[in-house]
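For reference, the structure is listed below as structure tokens.
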Amino acid sequence: MPILYTLKSEVLEANKSLEKFGLVNFTWGNVSGIDRDEGIIVIKPSGIPYSELKVDQMVVMDLEGNVIEGDYKPSSDTPSHLALYREFKNIGGVCHSHSLWATSFAQAKRGIPVLGTTHSDHFRGEVPCSRPFRDEEITGDYEENTGRLILETFADRDENDIPAVLVAAHGPFTWGKDAMDAVQNARVLEFVAEAAYRTTLLNRDVKQINPLLIEKHFLRKHGKDAYYGQVK
Amino acid sequence: MPILYTLKSEVLEANKSLEKFGLVNFTWGNVSGIDRDEGIIVIKPSGIPYSELKVDQMVVMDLEGNVIEGDYKPSSDTPSHLALYREFKNIGGVCHSHSLWATSFAQAKRGIPVLGTTHSDHFRGEVPCSRPFRDEEITGDYEENTGRLILETFADRDENDIPAVLVAAHGPFTWGKDAMDAVQNARVLEFVAEAAYRTTLLNRDVKQINPLLIEKHFLRKHGKDAYYGQVK
Amino acid sequence: MPILYTLKSEVLEANKSLEKFGLVNFTWGNVSGIDRDEGIIVIKPSGIPYSELKVDQMVVMDLEGNVIEGDYKPSSDTPSHLALYREFKNIGGVCHSHSLWATSFAQAKRGIPVLGTTHSDHFRGEVPCSRPFRDEEITGDYEENTGRLILETFADRDENDIPAVLVAAHGPFTWGKDAMDAVQNARVLEFVAEAAYRTTLLNRDVKQINPLLIEKHFLRKHGKDAYYGQVK
Amino acid sequence: MPILYTLKSEVLEANKSLEKFGLVNFTWGNVSGIDRDEGIIVIKPSGIPYSELKVDQMVVMDLEGNVIEGDYKPSSDTPSHLALYREFKNIGGVCHSHSLWATSFAQAKRGIPVLGTTHSDHFRGEVPCSRPFRDEEITGDYEENTGRLILETFADRDENDIPAVLVAAHGPFTWGKDAMDAVQNARVLEFVAEAAYRTTLLNRDVKQINPLLIEKHFLRKHGKDAYYGQVK
């Protein structure tokens, strides 16, 4: 089953990269990837240090969370990942971490506004923060409800334009075309969050930048007439 | 006496790890461990750089502070450690440092409120800050009184739920099931403190999170029905 | 053509140094250099990671932006570099990055005031922040207009005294006698920006330092009677 | 002249350590040492990168600044060092840097108050910030006047109790029993300054700690009955 082995390897590497890129402490983060043709998801096992992770410890499951392969319990955040894969049809990877800067905005219950072009080079608008959980969402199927809360937050947003969200009082989730791309978006988010923090503390009255500037920067990198980078 | 050698080695490694984990500058921190069966405590000698510490320099004493073995003076904070061991019956290790973020809250005379789930994954409520010392507590048996002040601060708290405290104007003490676990709690505290600092500066009106969310996160990791991590 | 090879090598090294000095994340920065006698400019190709950059990927062009040599597309910020070379007759290198501290001031739409002698050792006055872009400047020839906006900002300033500018909502541009000198000014700017940030947060009422002190420090390093450093 | 060689080596090492300990960028700092018996001072040459410094480049002079040995120009801050050596009779080394945290307080024109015991373990009171320079002090013999301004700031303080000062709008000077001890005090000052910054931003109303606590911590490390560390 070489396709599955490739997916497991990619998800393994993406999880290990969390530590290398300074996005996690201890075991506080998890990355998954999906093979849409096979309907198969691979995710990190719960509570295993990144340095000890091995490819055969990765947990394989279907979109409903039924474990297909693997002797380990999947990340406790698995139901949140699954909810995203079911609704965000184009995404191939999901990343969740407690990275410092994004988590600080989540704890402050604030989205990350577009304060500069670095932000709009990657995110076509504010990275939103969810509303707080309702009591019954916590005492109910909490991790599943976390996924639903993210989907509610994106009800009027395009997940392809803004591949990141902050879950209030918790932390960031990001996604992308595959597991490593989800991690890449988490890295960009972290830089953008820190710059927004510094900017806000320097100038409490700062406003979102000109919407034309958001469009200009996003589209020169991601639009159909993008002219950033080399022609592939 | 192989049990004692093991304890001394563990305490040595825990002290050395303070520097590795960025929790100390110079010689500003100390870790101890206890063998409850033998009633024997091992602690760092005073003022020795971590890089030069050797296992036979560790100081061995009983719960009253009588030195049983070792040619070095124990840490000047020893009486504070002993006070915690005498009252907190379940703990096996104590760690004291002047780590930047926890110390900044201690100096600000503020506890670290529960502003996110990262906090409640590890601490079941605010990490409290003690009241200031009274004059006679300073001019009296100061280090012993530091221990008493911590115990007073935990008079209506459970030290098993919140294994950390801030001594006002001084810095953090943490504890755990052994010396290295006390250091681990100091590391988590440092991250939680920095995130709380960033959160507070972003949003001065931020409130403690929903108590149900505190319970949910603490218990999914530490409760009797914990489902985080692998089955041991 | 050994002169050109030397210029390409210098520009390559200057671009790679951005990463080494912590001034960039990902591919978010670019450095160029000019040979004034030949009227030839060398600049980084767009979107290539610094670690993969090779000397024969450098793009060679004239002052109007006509590519003379190279199979790669130049940095998308090239028109901004060219505008600076055309007007700032003494400069030999230009550097653009999204470095954290300078970018935070740019996003806050604030110049970096002279708050200490470290600043005036290198910049003879405030490092200015441009006005925001007008709509038609964004929808028009945006990168060319970025250059023009910088020139407008320096209409009543001497670019030889203050080799740095912040483009509002975007980030810093610096320049110097050659490519590496432009990077050096970016590094100094980053330190000066962080110190100004810390100073401002400590004391919101802080004012620019005594103009005599600005002159004293700038001239003891850069004036005709400079006495800092060794006689060359 | 082996005594002089030893002094030059110590001063060389102390200067190189500035970079290792993160106290300087570029060439922005200098350390000197004195042999009181010989009346000889050794200081860093001006503008030489730390990594290139060699023992025979050190500049040797007397207390009036007459160069006795060395082919290089001494640090431009030399007159400030000399002024301190002439008045502070017990000190054997002086260190000047533009380290971030101490410089930020100097730029904010604020002393560093005693906000915690880490401070009073090393400094027996506020680390003062000088008044601003008067115009004629800048246009006159500036570096000499910097020394005088420090002495004025210590007119009613004991330099043996508080081996550090902030020169307003400039940066810190520290001193100690020899060159490396002056650097050690600069390192402690930097930590204390950062913690004071964090504390101040967390709690704008924070006050200096109990004077009894200052005395307790300073004297248990530095008093005649000090009980910190091992008996020598």
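We call the chains A, B, C and D, going by the order they appear; numbering starts again at 1 in every chain.
Keep this in mind: a residue touches a chain if its C-beta (ideal position, glycine included) is under 8 Å from a C-beta of that chain, and two chains touch if they have at least 3 such contacts.
Values in this document were obtained by computation on a predicted structure and should not be read as measured data.
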>> Hop distance check: chain A to chain D, minimum number of steps through touching chains?
In response: 2
>> Please compute the angle of the rotation superposing chain A on chain B (C-alpha atoms), rounded to a multiple of 5 degrees.
In response: 90
>> Centroid of chain B to centroid of chain D, CA atoms only: how many Å?
In response: 33
>> Just the number, please: Cα centre separation of chain B and chain C in whole Å.
In response: 47
> Touching two or more other chains, which residues of chain C qualify?
Replying inline: 201
>> How are the chains arranged in terms of who touches whom: line, ring, star, complete or other?
In response: ring
> Contact residues on chain A for chain C in the complex?
Replying inline: 115-118, 121, 187-188, 191, 194-196, 198-199, 201-203, 206, 209-210, 212-213, 216, 220, 227-231
> For chain D, which residues are in contact with chain C within the complex?
Replying inline: 25-28, 45-48, 72-73, 76, 98, 100-101, 103-110, 132-133, 135, 138-139, 142, 169-171, 197, 200-201
